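In what follows, chain A forms one complex with chain B and a second complex with chain C.
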Partner chain A sequence: MNPHVPSPRPTGPAPRTAPVSARPPAVLSLRGVSQSFGAVRALVDVDLDVHAREVVAVVGDNGAGKSTLVGVMSGVTVPDSGEVMLEGVPVQLGSPAVARQLGIATVFQDLALCADLDVVENLFLGHEVRRGPVLDEIAMEREAWRLLAQLAARVPSVRVPVATLSGGQRQAVAIARALLGEPRVVILDEPTAALGVTQTAEVLNLVERLRDRGHGVVLVSHNMADVQAVADRVVVLRRGRLNGDFDADTARYEDIIAAITGASPALSGGSRAAQPRHPRGETS
Partner chain B sequence: MAKDRATPGSQTSLREANRARIVSAVQQRGSITQVELSGVTGLSPATISNIVKELALAGVLRTTPTSRSGRRALQVTLARTVGLVAGVHFADRSLRVALADVSHHVVAEQRLPLPREHRADDGLDRAALMIEEMVDALDSTLAEVLAVGVGLPAPVDVRTGQVSAVGLMRGWDGVVVPEVLGRRLGLPVHTDNDANLGTLAEARLGAARGARNAVYVRVAHGVGAGLLLDGRVFHGRSGAAGELGHVPVVDDGLECRCGGRGCLETVVGAPALLARLRPTHGHLTLRDVVTRALDGDEACREVVTDAGTHLGVAIAAVCAIVDPELVVVGGELAHAGALLLRPLDVALAARVMTSTAGPVAVTASALGDQAEVRGALALALDAYQVGSAMPVGVVRS
Partner chain C sequence: MSSHGLAGTLTAPGGAAQRPAGGTSSWRHGGAPWGAGGQRELGALPVVVALIVLALVFQAFNSNFLSPDNLVNLTMQSATTGVVALGIVLVLLVGQIDLSVGAVSGLAAAVVAVGSVQQGWPLAVAVGAAVVLGAAVGALYGVMFTRLGVPSFVITLAGLLVALGLQVRVLGSTGSINLPYESWLVRFSQQTFLHPVASYALVAGVVLAYAGSRVVEKQRRESAELAAASVGTIVVRSAVLLVVLLAPVAYLNLNRGVGAMFAVFLGLVAGTDLLLRRTRWGRSVRAIGSNVDSARRAGLAVRRVYVSCFMACAALAALGGVLSAGRLAAANQGTGGSDLNLTAIAAAVIGGTSLFGGRGSAWSALLGVLVIHSIASGLTLLNLDSSIRYIVTGVVLALAVTIDSLGRRRRTGVAPR
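Let's turn to the complex of A and B:
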């Protein structure tokens, strides 16, 4: 497997839509991505842009296609059609490992942490730092503290089993692990689900810090309060289609909810989803 | 012994009054050395030493050896066993909750980003949950919490605790926070405007320590100010004193959320600053503007320095009326440091009457983002008379 590694900045053709502002091209772009599972069309012709230093929230009802979209961006699912581009260069995200190598790190909802292992072991599981034949525990521990400090995460010790940590702290460990390869985009799938309000606060602070460090962040969430608190842009999925792209500073809560439920087609500039009108109450 | 009323003017009543004065001085400042205590209360060092020793034995105060300017000194704090207080600061885009012991020592703090135009019911519910969870994390119970102080980014009538402004915070008009939150938590709750609490904190623990007259300006999403007059925070008729953000500065200017036109906030509030940068920089947050300005982005620097100048002009008017010793600038935009403060200082100095007392000092907040929540803690501590739970008479003023 030889992933097509993009050059740091596209030198040839300019990005397809020359922006009016001096804004650099999106770090991660999806163009016309579609994915079907049998007769179910999970994603239909989805476009999405994620810029550096930007939190893009993806919201939508159950079955709207959020998880499939996360799958496509994290390399778990290879879409039936459409393009994935990194800084304007088309790439093939054949597997999660490739996606990671290209700088897209995903923190899945189950966090995929080993409860019995301590924080350092979890962070470096599978890519331990070695010095000669032995593990370089000191270097790993130092790096673990550095990553957690960057996130200003409050973890009592990096040598305690993850099982003893709170939900928010576990989330912090999972995000720290995602930061190991200095990714450009971090995808967080429902990071505040099943957390108390204090831990939610912790995670939302982490999201802000990721953004301020220059990462592009994709935040998939059900919770509109969380989304509107930290997102720069809110993208709405409905029945696998893009049903709205809102500036979080100006969009009203009611408009976003309307786009999620399909109460009215609320399209703003930038999205080209052609959504047939679904009158209220018409459900399959 | 405090129970049996001493004859006024007697030795006993004098001693009782001195004890109360010392406890309240320690309570206000959190931790203070014996020498400073003598300066603050005006009592002789010998009296202080005797009374502190007595109160330490009684378990009211705690002394720890320390050093001040190279000399040995005794640091005096309230004994930890007395309980906890909670401070809550609602800002336009965040909620900050802190727990402190009675010596102003912050033992837990958490910040929750909030959506734009967050609502009162949801916000207060989350604040209550956060207090509960944080108290729980300290292996403590709500029963140990003595009082809660709440700061809001709108004028608050401190007698009733009601948000007295109409239209400033959508969904918060007329909400009586002490009632709602008090019912939810079963605790005494006290409310004030956040800039007023910032003023209180800076005067007690921060940059305005020792000042009798000071102006605290909070420049964040909105703009607010607090006035320290003759050592007390000034509230006015219904808590709207110091609403600097809603002083008209532009004739027939932009419409403001308060219903007026051309208010200072329409010029230096976050929405105004971000709108200026939107054509060139796209979507930004106030945090981004400060970081980029510090990193040398020309447009962002210009926006921040212009804001400084506008603020300086507006503060000059305040200075003409209250003649403060110093102006303390806090809030998120104050993170820009000299970029904001220097033009502010220049604009202010050019407009303030020359005085034999010299120019008005301008300084950045010493407590930073914590100022308001520390003020909320101070409010809670003040409201809870620590003296009443202890064998110390309380001075009735």
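Let's turn to the complex of A and C:
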């Protein structure tokens, strides 16, 4: 089973306002993904599409299955059933390294940085640039500055251990690392969970910058304010099932909350925009 | 110095200022080992201070302590323990431990003695067999740890017992085997010293290589528009290196000189240091020790790196055992043993390698072993017996571990447990 490497992503900007049918195929799609841990059904028949130049927020209560979904998309978890497709081509994500190679970069909930390593070392961990047998520190350092500059991230020096950085700076390092190798899709699991107001704003800026650079972005979050600030689409997970897919510009806050908690005023309210796109989501 | 083009735009106004040497602030990347990093890393400083204090104190009590003769002895004693401690540094860096290094080195000594004296193997074959045996033991530890998930503490404790049993078995009923004085191993370990000219040439070569690599790095950094060390900095650092190398070498040359065994030890340390700092493998070692889970998700071959560290550690322990058999011209049931075990582990920690994994340097084997053998040598000169030596070494070890833990707490902002 050698993963088929799909053709490079279309370069033209995907018009965010175009009707669904006219869009190019989603960069990353999940079809019918299910995953159980013993008796716990963490994901049940989940479909998801992520397009280029789009921020898809995945929201849901604790234990709704968000991190499990991230695991499936990042190659950490191989789902019990279901399909992952890159630009319409089915792929096997057997490990984080494979997902990475196929252009799916993940910023994990815990960032997956090594605190004792410096910024450059973390950015290139597992993808070090070499000159002959030895590491090319200079090339890596220059590239590190370039990546951080793209994100307008403020880091005092790229040669200090990550342990000495603030939470927001670490988040920036983790996001910069995700950008290495020009991924198609960047997945962020709870990127603002541990951050203060200023740093949250900085990270949300980074997320917008990722979208503006043409990446598909999956933003997992608890925080509705964050979601409303940057998301183009909001997908709700509830007890492992898809429970709504909203257009962030027009959806009503209460409808999303209702989908998260399981109350269903959205259907009686008659708000067209808040209508879940996946009928399957209503059966819960 | 060149201005840091990109850094200027990235650093917050009034934020953390660029250090004088800009991007080379970390000693790992050409900065000073005594910490241009200032506030963040004490590095080797506490150990160096401890060594100086020890030297001054012992010298005050007994003027023989700093005599060239005593220092030559000290280096010879340090070499065997140091080789074993170097292996310990590697397993500590990945956040593991090997408690069996003493027993494995004793077993290796027994294999060399029995193989070459009783079985009539060529000495080189016996030495090779001993080291390969060590590597095999390490591979077994590594496989058990990575495949079965048994804690390294337990595997190597079991290994210690097995190796002790094997050592007794191999030595047989006599329990002690002498190596002939004319064998090259004994001559190498006891009587071979670098010719003064050779030692000075080596110093010159190292300093030139250092300065040269710094100059090349400076040029490459400048063409990459990164901050580079100034010529002055390079000159000063090279001069410091020259003094740090030349003074002890010249002093030792007043007596017998630099022992070949000690030179081999230094070579192993320097080589390991390069591997750790300049290769992918070395980076993986530190990353895994720092956070295995992150390392795994970054796609590193975590298992292979663990196995390589256990193998290197046990092989170095075996080599240490071979060298000590040469130095004592004998192998017996006491070779290696618990004393070596504890000294080697203590040396690595005292030298500054963290027990928590991820932080440390090959040079901590050298520094730690010098501290431990200075204490031993100084107390012997004062006619104090081994009880005091154990106590003092224990206190120093406790101090080193405390510094390690405090450093970790400061970095992570949480108390360990």
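Just so we're on the same page, the second predicted complex is superposed on the first by the 246 of 284 C-alpha atoms of A that agree within 3 Å, B and C clash if a C-alpha of one lies under 4 Å from a C-alpha of the other, contacts with A are read in each partner's own complex, and residues count from 1 in each chain.
FYI, a contact is a pair of C-beta atoms (placed from the backbone, for glycine too) under 8 Å apart; a residue touches a chain by one contact, two chains touch by 3 or more.
On a predicted model such as this, the values are computed, not experimentally measured, just so you know.
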Just from the overlay, do chain B and chain C fit on chain A, or is there a clash? fit
Now for A:D212: first (chain B), second (chain C), both, or neither, which partner does it touch? first
What is the contact status of A:D247 with respect to chain B (first) and chain C (second): first, second, both, or neither? first
In the superposed arrangement, does A:Q228 touch chain B (first), chain C (second), both or neither? first
For A:A201, decide between first (touching chain B), second (touching chain C), both and neither. first
When both partners are placed on the shared chain, which of chain B and chain C touches more of chain A: C
Rounding in steps of 10 degrees, give the angle chain B-chain A-chain C taken between C-alpha centres. 100
With chain A overlaid, the minimum CA to CA distance between chain B and chain C in angstrom is 6
Help me check something: in the complex, which residues belonging to chain A touch chain B? 21-23, 53-54, 196-198, 200-202, 204-205, 208, 212, 224-225, 227-230, 232-233, 247-249, 253
Considering the complex alone, what residue numbers of chain A touch chain C? 76, 95-97, 100, 108, 110-118, 121, 125-128, 130, 133-135, 137-139, 141-142, 145-146, 148-149, 153-161, 163-164
If we count contacts the way the header does, which residues on chain B are in touch with chain A in the complex? 93, 95, 110-116, 118, 122, 126, 129-130, 133-134, 137, 274, 279-283, 285, 287-288, 291
Complex interface listing, chain C residues touching chain A: 6-7, 9-12, 15-16, 18-19, 23-26, 28-29, 31, 37, 40, 217, 220-221, 224-226, 278-280, 283, 286-287, 289-291, 293-300, 358-359, 411-412
